[in-house]
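In order of appearance the chains are A, B, C and D, and numbering begins at 1 in each one.
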Amino acid sequence: MTKVKTALGASLFLLVYLVLIPWLFREQPYRLGVLTTASVLSLISAGVWLMFYIGRINMGQGGFALVGGYSAAILVSKLGLSFWAALIGAGFITVVISVLVGLPLLRLKGVYFSMITLSLTETARLTAQSFPSLTNGTKGILNLPLPGALKIAGFTLIPDFASIDKHFAFYFLGAFLTILGFASLYRIVNSRLGWLFRSLQQNEDLASSFGVDVPRLRVIALAICAAFAGTGGAFFVTMQQSVYPATFTFQDSTYFLLYCFLGGLGSVWGAFVGAFVLFLSFEMLQGLNQFQPLIYSLIMIGMMLWLPNGLLSIKLPFSFNFFSKAGGPACKPEEEAGQP
Amino acid sequence: MTPMNPTPLMEVRNLTKRFGGLVAVNDVSFAVQEGEILSVIGPNGAGKSTLFKLASSFLTPTSGRVFFRGEDVTSQSPHIAARKGIVRTFQETTIFRNMTALDNVVVAHHLRSRASLPGFFFGTKTAGEDEKRFRESASEILNYLGLGDVRDMIASTLPHGHLRALGIAIGMAADPKLLLLDEPFAGMNSEETTQAIRMVRGIRDRGVTIILVEHDMSAVMTISDRIVVLNFGKKIAEGTPAGIQNDELVIEAYLGREDENEEDVNEENVNEENGDEETQESNASSRKAGIENVP
Amino acid sequence: MKRIFALLLVIMCVFSGVAAASAAEKVLKIGVLGVMSGPAASWGLVNRYCAEAAAEIINEKGGFEIGGEKYKIQIVAIDDRNDPKVAVSGAERLIYEEKIHYIIGPNIDPTSMAIVPVIEKGGAISIPYAFSKKLFTAPASNAILGMIASYQAGPVIYRYLMDNKGIKTIAFVARNDSESLNQRDEGVEAARKLELEILADKDTYEPGTTDFFPVMSGVVAKKPDLLVLAGAAPSDTPLLIKTARELGFRGILSTETAQDARVIAELAGDAADGFISVGGASTPEIRSAQMEEFMKRYEKVAGEWNDEAGTKVYALEIILNTLKQAGPEAIEDVSKFKAAMDTFSMPNPYLKDGRPLHYIGTPYFLQKRQISVPMVVSVYEGGDFKTLFVGSVE
Amino acid sequence: MGQVLFNGIYTGVQYSLIALGLTLIFSLMNVLNFAHGQLYVLGGFVTYYVYGGMKLPFFVALLASALTLAAVGCLFQIFLFRRVMRRSVREESSMLLSAGTAMMIESLVLIFFGEKHRGVPAVVSGVYELGGVFIPRGRLLVIGLSFLFIVAFILFMRYTKPGRALRAMAQDPETASLMGVNTARYAILGWALAAMLAGMAGAILVPISGVNSGLGNWISIKTFIMIMTGGAGAISGAIAGGLALGMVESLGYHFFPGGETYLIIFIGLIAFLAVRPNGLMGKAV
């Protein structure tokens, strides 16, 4: 029964995401672009969500995304790799760096971990500025080529982006990566790995008492988180066709957290919903100019006061309970969502 | 006093642990034989908790060695110790509070899984079998420990006695050779204690050796094969319950001076040290220490 | 799943519903894209206030006439937070949603460069206040430099100071962001060509610094004749000046970007006397009556006058007048606009002498992609800028 | 080199003052206050208005900043943090709440005070020169005042009844409330004090550095570095961390003029925390 519902829900979702939306916005490249950005931001936030899941608040996701972006840009522009190779390469490099950094830093808990990862974002920015021979310094790497054709054994899997409507192409590529990312996340959370991650979130000592290799699992979680950031960053940079030290900043790192929190930590889809809602409403608030950050901050404070478990905790009269299962009990917290 | 078998299950040799200037455990040695129930007792601040953490690898000793089946296991990570069969339990609050009782125990079957983590991710056949096996075994353990009725309750809503049992169930799930129980009888009334004693004996009868740290003298006297008594970090006596009950030093230690304060200091330092060694657990305690240390 | 849907669908509806509220009279929309929050907020806000003030004046007179029809001018401003990705989505928004083809801004290299692919593809012209030559050189063709670039002003100022004050040594201090570092590198190159002795060209400070003692100590100790504050933000300049003086610096200080006299007066006071900067048409010696009117209006819009506005006043004026010359089709078709740029010329309305205002820049960009704003080199004295000399890029 | 040392002390003392407030809130409530830098900015703007705009004496402005910010701190606790923390003890709730308030203050400051960098006339002018070291008198005043405030704060925490109550609360809120400390009220006092410290730091620096609406985040990041170095929650740690960062920054700018200073500081910090996760004073050995 639940399986049928899950399948039904998933296909309905895919229908909206992959057919309805592109069709609705086929003539509006700006909105398509915004939706693509929202997709990739939700992908990057998914990593932060996973870190929440093991009980760590990662404020360095912007830094990892920047690493991914720069890796892709350098692989493409300096080594002449194709975008597709660079995309994988960027994910890989980000993962390697996250493991190296994570081994010592994951021992820190709570606000310490947050503060140090916050510094990681700044470290990434300053590193990008300080090694001009590789990163082109503060000038950034410009004019990155659009993704070329992806061919396997002579068969064109994906056409050259320059030859088709690039807004559509990027939308679908972004959607594909996002779906892939969230599907993996869903599997992780619902497999034994998810159980173990939840056990880390709740009590690392207890987990290690029955033989869980806590440090290793923490690093695995961070590596997955970084893989999302790296791939997302690489995609984003290619979409923008340029990368700068300011492409992902301290501000972005906080926004990623906020997306997760807004959507709700209790559901795998929290990051997705949060990123879409916040990013799109942000775009709509543009007209209010200088009041925009103020409104944004009020939303944020209001959320904390009245909707601490995120948008997905809002009870709909007809909801069938697919999500609470997906998220598992980990974040069904002691706190009850108050009504505004 | 006790005949030493050639290879005891666990042997600690000259174990010492210092926290700054304070010696929490001072040159303690003892051994536990396979199939035994060994209790470690002592007044507050005697260093029982520290010794417990040292034996289960949650702390690294300043000097001295720990052997398990003749193999040196000093300073290894706790999860390695668990893999070898040395499993500790915690006091009641340390469980996965937001999971059901059954899930608590299922998760704790970690070491028994045959499938790899990627295997679980992709949902291989082995992984599926593992899941099934864990559920069955977890149900069996819960039933055995009298938790069958509450298996689907969220752990944080369980009453005291059940929590203690759940903690032991988690320990059992890891398939221990040696189970270290942290004050399993604390805060129980006599009826509950009797039940708990039966439970612990039952576990031993399943082939698990047990070391327990305990306050409750009467329970200890009933259940233990042998007892080690600590005072001020030093071992002052070791022997059968009967022998211990008549030991001059022990009587003096228990009746002579009880020093609550020292326990406090001791515990706090234990926490801090633990934090530095392995995790950041001590954030809270260090910040407490800090604000007090206004220059 | 339904919850996601509910949310997604609500967003979709609102998102696609925000579309256009149509206008009865002819409206010409002009975009302003720039940084309007954070430490550099004043850069973008000045652009916006300038455009808004100028548009108000025009609208009160019934609009701007192009091809026989009067257009009301509507300014659509977007804050890019100095963030390239926000700038890109902002530019896309202006072009595709608001159907705007003329954008004033952005303010720095990264944001200006980031939107180049967008404006080229979307058929829009931008007037960035950033100096990178790549913006204005082919294959890029849709960006027009709205002010005097540092590499244009630098040599002129250095030359003037060599001739008049006999300076021989020079040192640079830059803010550690791409904009300023580029300006510094170009300044260093110019100084090298002029055979000035360069005493320091590495010192930088982080954006957001408020204590410049550490960075200045080292530079001032080298005792240069001229200390150039490369790409100094208006907020940094007075503090840099004050610090240099407190550290016993006796040489000349200069910068190649526009500054705000009031902020300098507030923060540095008399310590800033003799400070040389590049300003606009706002110094009393040279400004026209129209400039006076504009200044009054600007004060009404923004609350107070800002000298930076003197250089940024030209953007809207020249866009509209070029459109007038190119004809109404150019409103939708920037290639018509670009064709008109070659021959466009008008008297500068903001200067007393009414020298011609047209498009220049061929020596630097190999195409005419710069507005011929006057290079007003001014010196700070007793709370205000005084014109030192009026130069020209040509 | 003397100049470098002087710069280091000057920066370090004011950093210590800034870090005190953050560490106080952290120790009392386990809240990492992202809005600390913005409180600092707000304090600066109050002084700008009272001293620069209304032309009242500097010390009146200082007092005004302190009182305003104390009030803001109270409001924070009463209307925001208390309500959120009563429902959720999860760290991310209070962290995101404070991030939200940071953004709110920043945008309010931008709307009300404008985008410009603001400054006021110097309180004392003139520069001493001692063997090639330039010591502006304004900076000496800042060092003096910072030092005075730090000492006053320490004495307050040590020898007054509210101070002792706060310390008891930092150590263990439950025990403190059993001992008769009204923790709800003292939490408000704690916030008031912390915000006041940030505000006073902002205020005393306006005559020298000025203030603008966008400074907050960078100040907050620097403060985080300080308390990580010193050990979060420890007053001695905040002071040590502040002085250390000031000195390292000054040395860094001297030896690495190219902007690598903060990169080196960050990498050093990561290495340092790998070895000493609790910072300098986080553990009393």
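The definition used in the following text is that a residue touches a chain if its C-beta (ideal position, glycine included) is under 8 Å from a C-beta of that chain, and two chains touch if they have at least 3 such contacts.
The structure displayed is predicted, hence computed values, not measured ones.
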item: Touching both chain C and chain D (chains); value: A
item: Innermost chain, where centres are averages of C-alpha coordinates; value: A
item: Far-end chain from chain D, centres as C-alpha averages; value: B
item: Whole-Å separation of chain centres (CA-atom averages), chain A against chain D; value: 33
item: Whole-Å gap separating chain A and chain C, where each centre is the average of the chain's CA atoms; value: 35
item: Separation of mean Cα positions, chain B and chain A [Å, integer]; value: 41
item: Where chain B and chain C are represented by their mean Cα positions, the distance between them in whole Å; value: 70
item: Numbers and ranges of chain B residues touching at least 2 other chains; value: 280, 283
item: Junction residues of chain A, two or more chains touched; value: 107-108, 110-112, 129, 251, 290, 293, 333-334
item: Chain C residues counted as touching two or more neighbouring chains; value: 36-37, 176
item: Residue numbers on chain A that touch chain C, as the complex places them; value: 5, 9-10, 12-13, 16, 21, 24-25, 28-31, 33-34, 37, 129, 137-140, 142, 236, 240-242, 244-247, 249, 251, 269, 272-273, 276-277, 280-281, 283-284, 286, 289-290, 292-293, 311-312, 314, 316, 318-320, 322-323
item: Residue ranges of chain D touching chain C (in the complex, touch as defined); value: 3-4, 7, 10-11, 52, 107, 110, 114-122, 127, 129, 134, 136, 139, 205, 208-215, 217-219, 249-250, 252-254, 257-259, 261-262
item: Contacting residues of chain A [partner chain D, same complex]; value: 52, 57, 101, 104-105, 107-108, 110-112, 114-116, 118-120, 122-123, 126-127, 129-130, 250-251, 254, 257-258, 261, 265, 290-291, 293-294, 296-298, 300-301, 303-305, 308, 333-335, 338
item: Residues on chain C engaged by chain D in the complex (per definition of touch); value: 36-42, 45, 176, 200, 202-208, 210-211, 213-215, 217-219, 221, 234-236, 238-239, 246-248, 260, 262-263, 266-269, 303, 306
item: Residue numbers on chain C that touch chain A, as the complex places them; value: 1-9, 11-12, 14-16, 18, 36-37, 77-79, 81-85, 88-90, 92-93, 95-97, 109-110, 113-114, 117, 132, 134, 176-179, 181-182
